[in-house]
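In the two complexes that follow, chain A is the common piece, with chain B as its partner first and chain C second.
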Partner chain A sequence: MRAAAIFSRALAALPARAIEPVMRGAQNILGIKRMPWVFLFPNLAAVLFFSLLPVFINIFYSATGSDRLYPADRPYVGAANYETLFECGSYLDPSTCSRDLFWRALGNTLIFVPVQVAAMIGIALFTAICLNRDIRGRGFFRGIFFFPVMLSPVVVALTWQWILQRNGALNGLLTALGLTPVNWLVFPNSAFFWSVFVTVWAHMGFFTIILLAGLQSIPRDVYEAAKMDAANPWRVFTRITLPMLKPTLLVVFILCVIRSVQTFDELYVLTGGGPGSATILIVQYIYEIGFAIQPRNFGLAAAASLLLGAVLLVFTLIQLRLARGKSYD
Partner chain B sequence: MTELTARTAQSSILQFLTRRRGRVRADWTDWLTYAYLFLGLAVMFAPVLWVVLSSFKAPVNLAEFPPTFLPYAAETVTVEGFDEPLSLYEVITEDGETRQLAQIRRVGLNAQMIDPANPEAGRLVVPVADAKPVRSILFTWQNYARLLSASGSDLWLFVYNSLFITIVATAITVIMNSMAAFALSKYRFKGNTLALIAILMTLMIPPTVVLVPIYLIVAQLGLVGNLWGVILPTVATPTGVFLLRQYMLTIPDELIEAARMDHASEWRIYWRIILPLSAPALAVVAIFSILSRWNDFLLPLVVLNRREVFTLQLALASFQDENQIHYDQLLAMTTLTALPLAFAFIFLQRYIASGIASTGIK
Partner chain C sequence: MKLTAILSSTAFGLVMTATAHAQEVTIYCDDIGFGCKTMAPVAERFNEEHPGKTVKLETVSYQTVVEALPVQLESGEGPDAAIITDLGGLSRYYVDLTPYVDAANFEKEFGQTLQWLRGTDGKSKAINGMPTSLTVNGAYVNLTLFEQAGVPVPEEGATWDEWAEAARKVAEATNTEFPMEMDRSGHRFASFAISHGAELVDEEGNPVVDDGLHAAIDKFVEWHKNGTMPLDLWGAVGGSTHRELFEDFLNANVVFYFGGSWTLSRMDTEVGDLFEWAVVDTPCGPSSCTAMPGGGALVGFKHTPNPELVGEYIDYVAQPENYKEIIAAAVEIPAATSLIEEGVDYPTASERTQVALRTFMDQIPKMAPAAYRFQGWRYQRAMMNALTTRISQVINDELTAEAALERIRQDVELAIQAAEAK
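Right, the complex of A and B next:
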């Protein structure tokens, strides 16, 4: 309450005094009826400028060629960018494609997303169920599982790189157990495994919190009734917990897919997409082709972005539909 | 007597841990839960602890394999007649006893040593294989010192850049979002649904998808390599507007009516009535904004293309691009970058958790 009082006093003291006469003047000129538009204006302008307009620019870019940035310099090429992306001798062999990196990134993403989402939801669900039990130190353990969510992706990646490097802690541990050390990030399969592992490690807390809230909204007396009937824990889980958690699980699933498809930061620092192109995902491809590899190919990057956007749109629409009545009304 | 108290203490600790509401004893599922949670504790927390501990190790200690858990440093001793301090070794002599000797220098497989307790006894020649360095736990600040001296004022520049972006973007976000939320929750006007939809529609346009056009717009504004180039594209968060609007809907309209009676301007109503009453929701929006701006990576990577405008995250990631990775400085900087958030986390965990649970957004 005291914090609120301080906050209130701070607002009174802020230079907003300078804005007040301006806004009062606006109100006198425009009338009270138009004031909501004045309040909406900055946010709407930013939304139009940095979200809606970019979608159309993206469409324009994907239909034009050359490495020039400014729209006036870019010749119209129709669907050529998409054709280039999809130009392949055989769709099963990326090396026959004109843009083999795109196909490798696409292939990696198609493996990465299901594996990561399954691991993420499985582990987050198990953790949430454990944290929902009547145990000691619940707040502490919840904090432990949650804190990596707040770490920056760069910190997360560097932390694990330090552990997985050749002379790192993991190999030290293996040596102590009498096993042979492995150069984890040098081999494609192990690098891919650790990519999944590290991203799950970093983000599972986020989904655990949502699932935990879902679990806590299941009424206690349902479980009491199950106890009366002496139902075993597995039956309680499959017959009560899972069905009642289904709406939350669906939301978590969609959110998890949306974020998984967009994975970039951690892997860019952890593996850089390597070794070779073993862990390059679609967003990194967009970054590489549009910004890192010279000459910059904005057209291809925009085309790939729109394909990614189309996939995400489907999932977001499902999410909004699911969440309707829950938090989006 | 003491044994008895120890035993009761032990059993009461056990009881404390296993005591449960309604039931006296814990069953196997509880043990399984605890086993999992402690495994989780190790997997989640150990990596970070490891990095923090490593950042306090001297470079020699860092290069060791297998690595030591705690930072160690070789002990040195000053012996009369030698200007430099000599490193101390534990030596097993021929007759099987262990002595602590100071090494003067190494000659091939042997080392010249001297007894620091008795320097007059003269030099001893000891096979290197028989000598083990004496080490003690020592947390050293030298990695941090080297980071500061190597990056010079750059480090403070990165900190400043990160802080500037985080604070300015968050302030703009909170004010802009709350203004929009105020309009969308407290007025009935033509087009309010349309405006809400336009704002919420951006939920479907993740920044990764519009990276290229945002870069173009930022370039057109002449803001490439400028901190404002990463502030402006991020301020209109749809989630913030949504969260604040839902909260403001719960504020009774009578307050506003009463203020209008007193001839308060609309801005005054917003600033002096609605904002103070929305403090909890504003806090959530601010925390999320601070978190994501501080941790932002992709947009700064694209827009901030000069070292002078690097954020901490970019500077941290750029340690890798150089041919040789200076792990000592990298570890110190990783720790420093994660530190503010660790503190924030301790105080704000509840807010963040409730924010995520109620909206499903970060």
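Right, the complex of A and C next:
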């Protein structure tokens, strides 16, 4: 028994012993101040390889033509792909642009993101506040609201397509109630509404849970003090809950914007970007150009994705600027 | 001990030698019609008759064949062979199987469709694969509704307008939801457009956007605006997304459905005797009464290390008795000339389905040259994607028909320019 313990200790110590000379050598060469880089290297290498390298590859693809995949087979075309995207009679009218769908998709995304983020955060916050109260079946409702998050986006889209289509469940219900059925996905405005609704429904649970955790971290004694001061519920919400929830709300806001810009699967299955181009978002445009249609235009898709990246970078910098220097205790 | 070691090493050597000589090829196919399921008995027989050689059928979705396979091929990866439908678009990845197959028999049986596999090289005599089956798009009609409405069914040679008129009357009389529907597919629209005089592609392989296409778009949009066709397919969906609503025909919610021969087998299983139906001759436009040909092909790819086994297997499938067996099980139209002439018995299909298949086959000689040319064009998909995307925009008042034509031309030219960049 004792021998086994000694053996196991020796085994545990082995990697440390083995690596010690290497680390000492590295410290002798680099100096103690640069040693943190050695420890950061594995993660940095992963970020470089999986995040930065693809960006550079994307830049290369955006400056080359052909539908070939291998870099060696792709001729240099300079800024031709960007020129194609920016070829417009008037930037205020997408239909005058050579790649009108790119501009329509960008325009749709710029409307979709604020609407969806506002709806998502508003509803998630309301739900979190309700679920934070001492209501009957609270655990059950928490589970119910989180459940759609676990579903595949395609399943979500197909389920809602089944509900919203001409002969779908919703129209069945309307007919049973003696009301006139509506073809929900055929009209641009209602298709856009349902696009926002379905994506909010699918992801709201995730943000609700984060906000709920934030709400639970607010000390109870602050509320008790407010109660003793006879503060009304609205005042409690605006003067206590909201300010103390700000750090959580900022995280939720950033995550929500990122997820909203990335929206693709649900809408691709639900509306395919239609009616016409009413719900086509920028990621779907990039996907279609680069992968769905033949011949594949990797160059144009790469150029469009880099432009999207540039827009996102600006938004992220603004967010960071707004968030900087603020601390909430 | 020594003896055991000698025996073991001998056995190991034999196994390794056998492994080195064993050949295996993987074939991607979906499960629709002429696919993995219907080809499996023939593949099993081939494996039994050819010890040391294995053909492995890998069932994948149609989406995988259309979207993932081209990317795999471009990176030099993927299966040794596959059943594909973008015959011209993938032509640069095909291996020439001429040395491994009975070339004369292939030319005799599959002459015209072999050309589709040769892409833009009009002079090529390469045999890149075997056309598996022909598909023909066409119209399904609910005869019971016609009978209930007391409207005579338009006869052979009836125009698109006459069919639309008759279908409207029937829908009105029988309170059916919609008179006509067409799959949201550039391929289906192409037959309508070519019937109206559209060329789509010229003899030199250049895209053509002409008055015929304009007329077809105008009429098609008008039918969506006046309720002849529902907005659910071409109106509600955007981009290049393919969408079908054949369920509407199966549920008797539409009088006339323009789809294709590949859905025939569903009629027996899902409709049976619930109502009378028929496949009718393709309606005529001012220019022709053409359907669009289509179909798949079993092709081998350049990167395969075993081209001879791929060729050997494809040649085996092309043997009349094997080919006939698969076609009969798939309930599809054969691509082999002799079988088209001789006819095929489909033991699993009802009499009505067999009549429908014959009607589809009768459309083959009537197909316009433009239809064949378009089907074999390398940039057919670019044109079909542009058609679906832009027509939906016209239906939704995002573009005028004139602007849509200009966009279609630009989309296809940009696709060609991108693909041919040097």
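Keep in mind that, in the parts below, the second predicted complex is superposed on the first by the 255 of 329 C-alpha atoms of A that agree within 3 Å, B and C clash if a C-alpha of one lies under 4 Å from a C-alpha of the other, contacts with A are read in each partner's own complex, and residues count from 1 in each chain.
In this section, a contact is a pair of C-beta atoms (placed from the backbone, for glycine too) under 8 Å apart; a residue touches a chain by one contact, two chains touch by 3 or more.
What you are looking at is a predicted structure, and each value in this text was computed from that prediction instead of being measured.
Peer 1: Which partner does A:191 contact after superposing on A: first (chain B), second (chain C), both, neither?
Peer 2: Touch status of A:191: second partner only.
Peer 1: Return first, second, both or neither, reflecting whether A:223 touches chain B, chain C, both chains, or no partner chain.
Peer 2: A:223 contacts neither chain B nor chain C.
Peer 1: Where does A:153 make contact in the superposed view: on chain B (first), on chain C (second), on both, or on neither?
Peer 2: After superposition on chain A, A:153 lies in contact with chain B alone.
Peer 1: For A:86, select first, second, both or neither according to whether it touches chain B, chain C, the two together, or no partner.
Peer 2: neither
Peer 1: Of the two partner chains, chain B (first) and chain C (second), which one does A:251 touch, if any: first, second, both, or neither?
Peer 2: A:251 contacts chain B only, not chain C.
Peer 1: A:65 in the overlay: touching chain B, chain C, both, or neither? Say first, second, both or neither.
Peer 2: A:65 contacts chain C only, not chain B.
Peer 1: Pick one for A:320: touches chain B only (first), chain C only (second), both, or neither.
Peer 2: First partner only, chain B.
Peer 1: Of the two partner chains, chain B (first) and chain C (second), which one does A:237 touch, if any: first, second, both, or neither?
Peer 2: It touches nothing on chain B or chain C.
Peer 1: Going by the contact rule set out at the top, does A:286 touch chain B (first), chain C (second), both, or neither?
Peer 2: The first partner, chain B, only.
Peer 1: Using the superposition described at the top, determine whether chain B or chain C touches more residues of chain A.
Peer 2: B
Peer 1: Do chain B and chain C land on any of the same chain A residues, and which?
Peer 2: Common interface on chain A, chain B vs chain C: 69-70, 167, 268, 272, 291.
Peer 1: Over in the complex, which chain B residues touch chain A? Could you list them?
Peer 2: 16-17, 20-21, 29-30, 33-34, 36-37, 40-41, 43-45, 47-48, 50-51, 54, 63-67, 176-177, 179-180, 182-184, 187, 189, 192, 195, 198-206, 208-217, 219-220, 232-236, 238, 241-242, 246, 265-268, 270-272, 275-276, 279, 291, 294-295, 297-298, 301-302, 313, 316-317, 320, 327, 330-331, 334, 337-338, 341-342, 344-345, 349, 352-353, 356-360, 362
Peer 1: Quick check: in the complex, which residue numbers of chain C touch chain A?
Peer 2: 67, 70-71, 74-75, 86, 89, 177, 230-232, 235-241, 243, 253, 379, 381-382, 385, 389, 392-393, 395-399, 403, 407, 410, 414-422
Peer 1: How about chain A: which of its residues touch chain C in the complex?
Peer 2: So the residues of chain A touching chain C come out as 64-70, 74-75, 77, 84, 95, 98, 100-101, 104, 165-167, 183, 185-186, 188, 191, 268, 271-280, 284, 288, 291-297, 299-300.
Peer 1: Under the touch definition given earlier, write down the residues of chain A that touch chain B in their complex.
Peer 2: Against chain B, the touching part of chain A is residues 3-4, 7-8, 11-12, 16, 19-20, 23-24, 27, 32-33, 35-37, 39-40, 42-44, 46-55, 57-58, 61, 69-71, 126-127, 130-131, 133-136, 141-155, 158-160, 162-163, 167-169, 171-172, 175-176, 201, 206, 209-210, 212-213, 233, 251-252, 255, 258, 262, 264-265, 268-269, 272, 283, 286-287, 290-291, 298, 301-302, 305-306, 308-309, 312-313, 316-317, 320, 323, 327-328.
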